[in-house]
């Protein structure tokens, strides 16, 4: 069985290599090959899953050691895989949703002449993401970590001829690199502290520490490692302060947004923190930091989501905030890990579904993304409407749907952070977030599918007509919305099912928690107020949120051009000025720095050398003058020289 | 060990002699037979590669004696100079790198030295065929290869010094004589800049070399011999007593020369000019092959001859290396010229190498050695593709490009992989070495290690900015008709990329080769068998 | 008489000759000054020879005269040819080559 | 005065004691002719050359003279080799000719070097293919008739008549003869005579250029006046030393200086105490030799004379004179004045440093190739001085080696200069050398080799020599000198490189100079230069051994 693990990665990797090196002759069948390999990987995953279920909780984890990677002295890095319940959860999510989105893309990218490459990139992403989640040491995880970064870079910038896309891709990669810095520093710290960075050893060592046993590691070290890991998570999962790239990442094709920037990659941070639970358990301060980051992002994303008119950006904001929930949960320790992962999975379903829905809408609307130019689409694309609606209900946590189960648990856990003020604060934040979520999702729903048509002829000036091949030949016409082809709707339906039932399924006598317990450990949260009260409160804020949204966008007609809006709204439209800050401080500052350095290098560093050369030249020129051609002056110098010679000799004797 | 081991076929000598002969043969080819000269040069470089492989096979990683395949003959007894050769793992790795890259350089520069129709063609002597640039070009490349390989093999300080200096001359003619034709500005302007770059290169390195000469003489006065092995035995038997200050002065003399060659901030300014003005293959020759002699020499000579002084100087050198890393990266961001950008990137990378060497840990030095190899390959890949790009558009300015990805996807793809290697993406070779260097530094000097980690962000910055500006965005008019990579060019880039991936996934062969040598070097600096690597707080289970 | 005085005299003559070389322009005169210096040397030699009571100094003096004669031959030849081609025997005019 | 006192001139220490009672007969001085054969051969050939000038018809003079000089030089060299083989340089070296000459290692080594250099130089003297034929007869680089006024009818007539100044051969032979004596002179008188014997012919040779005669004559005048001036100082120094020691033989003076002299007579006792005599005298003699070496501040004649003299003569002077002068300098410092080491070493330090730096720095801005080489020769004098100062056997041998290596590079370089010509004769202005590498890669490459040797790039003789000298200096405790030397070589490298850049990397000018195809004579000269440069660069061991064996002065 173990030997199958490598196959998980091998299949999509093969696909990537073949598709990217294969050349044009693969254009015909490339997308099918890619999809098949993704599905194959999924099948392998399922097989392993069933095999895993066959064994009982403790020895479910599987290992496969391939070869020794970097052996240098004490530094022993291996290419080895570890498949335990946590990894398995991710494997299924990634390959499952991944396959669906492959299928979806077949239709969505139909008119793109570079579809083969697109699928190659998708397979590359799958491979990298799988390496990330089944690596058995941090360095190999790092490989996957940057691998998904690369895939995301390639896919965001897939339409490279759009400068905006290229810039967004670069931005994403750079911001992620900042996070990766954290990860590599964390690995170095682990190496210096434990002499290794394999999950087993590190976590065992820290585990021993936390249980007060032998081999004590200073809490400070653990905190440092924890914070560095958090930095990494922030980068990958678009958490404040490294969240700025996610919004721009929406430049990529919609399936990419669905798979990478909603369902899987952006959740890698959550995986990292959960995986490193033992370390965080030993470092409460680091945990607090995690919780704060989660809480802040939760609100940040939600607020941004409220203000965006671009449907994908609105969803991106929501993604941010949902991941905020997960991070928050992961920061809570054993009471949160399981719920974080659970929300991660359910979110994977409904957010992917929502994005695919959005994609379907855009597909029908000549790639219009401005929700103010939608309206009343429910008649024209019923399937999209239905699936999108279910996803909507799921995310706002409508009772009985997936989001309800997972998010409420997180809110409870937040209230249980500790039985003091903290519990109230973070519980309150989580609760508030639920309300805002309800508001902005309702807003999206209303603006898109209800109200009167506000369609505009495409293309509108600030968009490159040839931006998406689907728009070819539609230039300047009124959109005529239509339901998308089967290849696109089926995945949406499947995901809709997931977003409806997954949560309930997981919560049946806590099956999911039990499933994860051997890996993450689990304690029952003890909230500061009773659980029913929390549920009730959640329902209340939910209703309030929906109501406000209905009053603003349901009752009143939605203006096609956005009103100026309040200060907060305007700030939120610009990602709460975070980008402006980056631009002013980092970009401008950087440019000035480099420019001045270039100057310094040329004038100072180089100048010094050239200066010496020049000064020698000048000296030479002056000494030359002594050679004035007059024999008698030569004689003078001779006589003088002799005098000096004699004097010196006598002097030598004198002293 | 000196006299006993001359048994068997002098493989090391042969490895250096073959390209030397090749140089002579190539130079002798009559003017009309330009193509023949090219093939001849390629043939000899391939034979050299085969011999290098043979060296790698004959080299026994397990053996306990430090230098293998040794040869030793008396040469200038009066100066105490012997013709002593021998390789350790590091030497083997670098010889391999050199022998590997030269064929690619030759193929990549296939047409770089064809006489131009304009310019000198009118000159009578050209018609008379006395002026044979093509033959000269390839002959010089082979000559450089011979000297570099021999300098990796030399275990006699004087012999090394001679090669270290002598290799400047052919390099000088390569830079000054065969400039990049894609030059902004008039021809004479180009010629002026080119000879400026060549002279700058030569003078910087000559001054470094002369200062080293003083130190070499000083070493002889102190030690009375130039043979590494003898010096080692003298030190072991305690007969060699260097006064602390003497040792430090001598160390500085040596290190200065190597730091110029490497190049280390602030002695770096010759590199951008040289790489900018030279043709892409020659630029690769400079940064991927010749400069490695500098870093190699730090490892082989500075640490072995002056362990105490090396340890004494470490903090300063580490700081300089750190500056090189950040400074080089920042300047790379600020460049307008593709090749200068790559040059500054190389400066940043040399910073990493030097930092790894002087971190004085197993990881650091193994990483540094690995880095030399990987940097050689990755820079070669990036620079050569850049050269192909430049040769198509006839300009080195980044601003003149844009959207090339759409018209020449293969070229763009290879260029991207090159860039990714430069920013040391995991899975590609440079990542392994860079991470090893960082870890090795971090274990001993955490702060420096952390600051150096910023380098990976900056690396990503300049690599991606370069890719974005040249390859993406709307297609520029001049770029629109740009052809994709030809077969010859693909043959150059393809193998390099395969190597990058292979060494990124499975570097074990190289690390196994290098580790023992590094252990020996470290045991020079830290006498006794205690490992210099700091122990982790917690013993892993 | 104290032989040292001869030495002083010789030195004086030598100095005079040297000064002449420096201040006179005419090549011939300059050359004569050099001859004066040589003769100063001769005086010194002879004086010392007398002091030490061996003849080495005097012999050298004779040789010096011969050498001086030879120098005259060569020197005049050169100076004359220079004079004929420039119509001036001034050393300062002969300054084509400088810097 | 008794006749025996005359004797005392030829003997190492005055026979004052025996001079009292009268002697019956003068025993004739005993001369070991075989041991001074080289000198005798050359001088004899020179005298024969004069007779040839007198009696052989003009047509055939050139060939006869050339033949004679070559034969003489070869024979002399053979004699030197024979002596060396006979162990005269090492085991059985000794003082000959009644103490006038020393036959020892340095002497023989330098004589050999001078003879070879002279031979090569004679080849360049005899070159007659470079200048275009004048009125159907080949011409060399010497004036048709030195006596005739430049541009005058008589000159034209002389040219038309196809006159050639074949006197150059005997003159050169005389000079060489003097140079052979100079480094082996073992008393001050011989030193002085030898100096004059090789200087006077050189003055004349300088004046004999065929082209640019005004400059040539100016060079001669300057060289002559300054040379005579310096030799006056030398002579005064000799007088003072004689006054101090009461003898002119090196050994005798050394004894007095060291205070190891036997039978001190009252007069000597009086002067011995007077260090001023000794020091001033020594300083003046040093000055005279440093002038010939071309050391700062006695260097100023060098550029002008090198530029004005006919190029073959310049090469000859630059090589042979330096060798001879350094030989004499070595002997003086190591045999006569070792006792004064602590007095002259600091002074020489200063001179060496000044020479190295000034030579290198001023050369940077030179525009005439011959002046450039002149300044470079000054810088090299500085390097050699560093070896002289070492005052160790290594120092001696390193200097000997350096001189050998340097002289051939120099002659070769100047020989190349004679090849690059335009309408006005040799094109010595640097700007005209632009793009030479394109026009005639071979010549440019050869010149580049010489320049690299001057710059001391490894694998050339220049590097081996420089290394030997610096090594000796460092071991002799003159580390600082080595550093200065290294710095100045760095500066010097700059202008050598500049010339190479000019030749190879700059576009040739349309009206640039042409490269004349020389006769086998010059080819040999250049070929020998290149060969020696490379051999001494790659495998110097044999010659280093030679220099080592030769590195001991007899006293």
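Should a chain be cited, it is by its letter among A, B, C and D, assigned in written order, with residues numbered from 1 in that chain.
Just so we're on the same page, a residue touches a chain if its C-beta (ideal position, glycine included) is under 8 Å from a C-beta of that chain, and two chains touch if they have at least 3 such contacts.
To keep track of the chains, here are their UniProt names: A = NADH-quinone oxidoreductase subunit L; B = NADH-quinone oxidoreductase subunit M; C = NADH-quinone oxidoreductase subunit K; D = NADH-quinone oxidoreductase subunit N.
Everything numeric here is computed off the predicted structure, so don't read it as measured data.
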Any chain that touches chain B and chain A: D
Partner chains that chain A and chain C have in common: D
Result of counting contacting C-beta pairs for A-D and C-D, higher pair: C-D
Chain nearest the global centroid, as defined over all protein CA atoms shown: B
Chain of greatest Cα-centre distance to chain B: C
Interchain centroid distance [CA atoms averaged], chain C/chain D, Å: 24
Separation of chain A from chain D, taking each centre as the mean of its C-alpha atoms, in whole Å: 81
Inter-centroid spacing, chain C versus chain B (mean Cα positions, whole Å): 65
Chain centre separation (chain B, chain D; CA means) in Å: 46
Set of chain D residues in contact with two or more other chains: 221-222, 225, 229, 233, 303-304, 494
Touching two or more other chains - residue numbers and ranges from chain A: 613, 624, 627, 629, 631, 635
Sequence positions of chain C contacting 2 or more other chains: 18, 21, 30, 91, 94-98
Touching pairs among all chains present in the structure: A-B, A-C, A-D, B-D, C-D
Touching residues (chain side chain C, partner chain A) in the complex: 18, 21-23, 25, 30, 91-92, 94-99
Touching residues on chain A, where the partner in the complex is chain B: 20, 67-75, 79, 139, 142-143, 145-147, 150, 153, 157, 160-161, 163, 165-167, 170, 173-174, 177-178, 180-181, 184-185, 187-189, 191-196, 198, 201-202, 204-205, 215, 217-218, 221, 590, 593-595, 597-598, 601, 605-606, 609, 613
Residues of chain D defined as touching chain C within the complex: 1, 5-6, 8-9, 14, 16, 146-147, 149-150, 188-189, 192-193, 196, 200, 203-204, 207, 213-215, 217-222, 224-225, 228-229, 232-233, 235-236, 238-240, 242-243, 246-248, 265, 267-268, 270-271, 303-304, 307-308
Complex contact set, residues of chain A against chain C: 624-625, 627-632, 635-636, 639
Residues of chain C touching chain D in the complex: 7, 10, 14, 17-18, 21, 27, 30-31, 34, 37-38, 40-41, 44-45, 47-49, 51-57, 59-60, 63-64, 67, 70-71, 74-75, 77-79, 81-82, 84-86, 91, 94-98
